[in-house]
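These are the structures in question, set out in turn.
Two complexes come next, and they have one chain in common, chain A, joined by chain B in the first and chain C in the second.
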Partner chain A sequence: MELRGLNIDVSDKGKAKIFRLSGEIRTDIYSDFLEFFRTKAEASNIILDFQNVKYMSSAGVGALFNINKVANENNKKLVIFGLNPSVKKIIELTKLSNAFVITDTEEEALKKL
Partner chain B sequence: MIVKFWGVRGSTPTPLSPAEFQVKIKKLLTLSNKVDLSNDEKVDNFLNNLPLSIRSIYGGNTPCVSVEADDTFIILDMGSGARPLGNELMQKPHYQNGGTFHVFLSHTHWDHIQGLPFFSPIYNPKFKLIFYSPFADIKQRLAFQQQEAFFPAKLEDIPCEKEFRIIKDQKIINIDDNLKVEWKRMVHPGDSFSYKITHNNKSMVYATDAEFYKIDEAFMEEVSHLWKGAELLIFDAQYTPEEYINKISWGHSSTIMSVDIALQSESKRLVLFHHEPAYSDELIENTLSRAEEYLATIAPDSSLKIIPAYEGLVFEI
Partner chain C sequence: MNKENEPKDKPQSKKNANEEKIKFGIKFKLSIFVILLIILVVTIISSILTTSISNRQEKQMAEELSRNMHLSIDYLSTTAREAIISLDDLLLLNIVQKVAKFPDVGYVIITDPRNHILSHSSDIEKTGVKLEDPTSENALKSKKTLIQPKFDPHNISPRYDISMPINFRGKKVGIARIGYTSDRIFKDIKNVKGNILLTSLFVIIGTIALGIVGSIALASYTTKPVKTLVEGIRVFGQGNLDHTISISNKDEFGYLSKEFNKMAVYLKKYQNLLVEREVEKNLLDIAKGIQKSLVPQQDLKMPGVTVAGYSKTVFGVGGDYYDFFKIGKDKVGVIICDVFGKGIPAALVMVTIRTLLHTYKEGILDSTADIANAINKRITMDFHGEQYATFFFLILNYKTGRMICTNGGHAPLLIYRRKDNKFLCNEFGEIPIGMAEENQYTNHNIALEKGDFIILNTDGITEAENTTNEQLTEERLRKILYKYKDLDATKIVKSVISDVGKFTAGASQHDDMTLIIVEYK
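Then we have the complex of A and B:
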């Protein structure tokens, strides 16, 4: 499916659903992005594959923070992997990197569940 | 247009405490050790090369910004910064025989109206204040803060001429041939309004007490279109990003969000405004560096300039 310039493919993998994202997470996507993942985070563990996310604004970090909160409240986990250096930097600059579980690879992400 | 900042602090007036003052003095003395300060020029030179947080203060007055365009004088909000503004206006030869001020209030939270009773021109019948607001009850709201229980002089008794123009059905206000003001409702508890002022085809935007949360595509598009290419975007940047996340729906944005909005609207300069009262001058500068780093990461080719607001800051547009 497509969400304002961001493609999302979903597949099941063991105890989690993997969402492979490609494109950009811009400021105006915030509400849709959060709504889309809110229900998913209530129902299962989520792994977000960021390898093909070229750009994310601070609104994306805010959305991830809230999705993570929903997951925690439902005893589920959110793991993010494959961030490119600039997306990683964005998360670091918001000083919220400790709020998320972030790994480099998919294998490591699966181990965090 | 000449834009000048008289109050830049959000929420409540925040004078520097004696302890904070001493910290500044101590830092200054430490840094001046072994510096040649033998004459005035050398002292000025030394001071001018220091960060503002050491040589001065960002200021504790609540929001008030003046905009002078030819003969028109606009006042954006009347927080406690309206007091020094009023005093300066009374000194100007231009206003010795009175004058008219066009007042646009973002909303009526205390920090945006508390300076009105201390704005000295209101005690002189030669002056006229025209209040523009989308709030239909703006007059009652302002009269309320000057009820006997709160202040000795009632709004209706103060000698200056007052006019209230309700602009809720009027999106564009033409003050004169080449000066117009456009407003847009912001997300804030109890509502708040941003104003875009255009003079001779150049514009500036004043958007304080604005939380860009739960923004959808339609709102974002409308805002980017309205504010597009502003020479100056004065924006609510009250919180650091990590503090913001714990204060969602309080009605304010973060420094980094303000960079996103400035980029989206292709503004040329972004002024970080409505500083959190709990933030020290050093923290304001630290937050600025992070906002600049964010800008460099997210939009390396952007020529956007980020300036933290301080009392006395002036722009000529």
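Then we have the complex of A and C:
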């Protein structure tokens, strides 16, 4: 699966689906990114591997917030791990760090489920 | 609509115009080609046939002549021998005159063994005269039948002299000679040639006439699909994309018509898509126009403050919104807002925020947080927690420099402090609006000093990319701002936007850009 500037690989792991993202989450893919993960969040727990995400715009944080909301409404969980400092900074600036379950590693992420 | 109807109104005149242009159509060219081909082939075949038939006729006649000559001379010598032996001059004369009546015979002469005339068919007075001409000399010398000149069936001479010695018991008793003329043969050959030529001419004319009719019919049959195609393309060209070309031939034309019909279907689909896009684009243009009219049309200039703004939408309607306005006697309100997402949903959120802001702005003079709370509650409820926006809202008392502001998930407040010649970054704030209905925003008090200016921008500016996908970044933005720090707010905005434009030149942008400079003086 590829959105403009972002590759998404999916694999099953225990109770969750792991989506390994690589590239950039720019403002112009906001709607497509949101639409793609909203349907996934309705169906299963989601772990997002951010290790290869170089950049995310504040709109991307908005999209994650919405996906998280959908997951919660469906009694599913969204866990994000491996954020680089610039992505972390964006989430901090939007004051949404507490809205997400964020871990450093995949093992920790799996434990949060 | 007028444009669409135009071609349908004048199909007849267009058709005529098109037909006039075709001076020598395929049908005409094909007919001429086939006719010329027929003429060439018929002429060549006729010439060969004529020559071969007339040659054969000529040969047959020559052979007949040769046969007659031999038979006649045989007959003459045999019968004349009897008369010579019996010395019967009268009988000899009878024989000579009888043979002289044979077809093509010019003269008949019987001589003695020394070439003295014994009997002559046309001149009885020549009896006894000795013949000394070369032909007679040759005839005298020859011991067998001799034809002079030599007989060649391919090249018939006008006159022939055939001679034969008359022998009796091994002794030459005389010479029989017959003179032949080929006049009749030549005449016959001429007639035959004439007849053949005439027949050939009739055949040629007949074949050509048939060929013309046939070739026109063939050309009509062959070019019919071409005409159908041309007609189809003409109708199609007038905008009737429902038109189909029906050529059932199982040849190239049939294939071409099928491909053409396929193309028409694709074109029709594409045209419909274009129409839909056009409608969408028109709607977007209208929305874009409305959105543009919702932001300040000019900079705000008051004694003590100048607010200048700029906004650029990447495509259609955008999610950026900025506004500034007077509040009461000595305050200005400034807001910058970045709605997540684009298009109609983002534009609706933007319009709702603006409407709420303008409804509340006069009532609350000293609390940006109260307005933010009210707007957030409304947006979260109306858009079911699905639409979000970051914002920075400030109210500045330009008499005192006291500023109250609220940050909803937006970039940190950046102030250029002239006194210290440096930028101050103020990281405070809460989450974007639209996420949590009961979220409480807070007021932050900041005191500006004369000469300071505030920079408000959406991340479309700092994240603008150049051709090597490098972002402008906060750092570069500050450098640019520093370069223009001594200009007024209006000029700073213009110069910064110009520099950002140079940085991104040639690269496509992904996000809207908005920049506001609030200059306190």
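Criterion: the second predicted complex is superposed on the first by the 113 of 113 C-alpha atoms of A that agree within 3 Å, B and C clash if a C-alpha of one lies under 4 Å from a C-alpha of the other, contacts with A are read in each partner's own complex, and residues count from 1 in each chain.
Note that in this section contacts are C-beta pairs under 8 Å (C-beta built on N, C-alpha and C of every residue); 3 or more make two chains touch, one makes a residue touch a chain.
What you see is a predicted model, and the numbers here were worked out from it, not measured in a lab.
After superposition onto chain A, partners chain B and chain C are found to clash with each other. By the touch criterion stated above, A:Val101 is placed in contact with neither chain B nor chain C. When both complexes are overlaid on chain A, the residue A:Ala63 reaches chain C alone and has no touch with chain B. Touch criterion met: A:Asp28 reaches chain B and chain C at once. In the superposition on chain A, A:Lys89 contacts chain B only, with no contact to chain C. Residues 27-28, 30-31, 55, 57-59, 61-62, 65, 93-96 of chain A touch chain B in one complex and chain C in the other. Residues 26-28, 30-31, 34, 55, 57-59, 61-63, 65-66, 69, 93-96, 99 of chain A are the ones touching chain C in the complex. Across the complex, chain A is touched by residues 212-217, 220-221, 240-242, 244-245, 254, 256-257, 259-261, 264, 290, 293-294, 297-298 of chain B. The touching residues of chain C, counted against chain A in their complex, run 314, 319, 338, 340-343, 385-386, 388, 390, 409-412, 427, 429-432, 435, 459-460, 463, 471, 510-511.
For chain A in complex with chain B, the residues that touch the partner chain are 4, 27-28, 30-32, 55, 57-59, 61-62, 65, 86, 89-90, 93-96.
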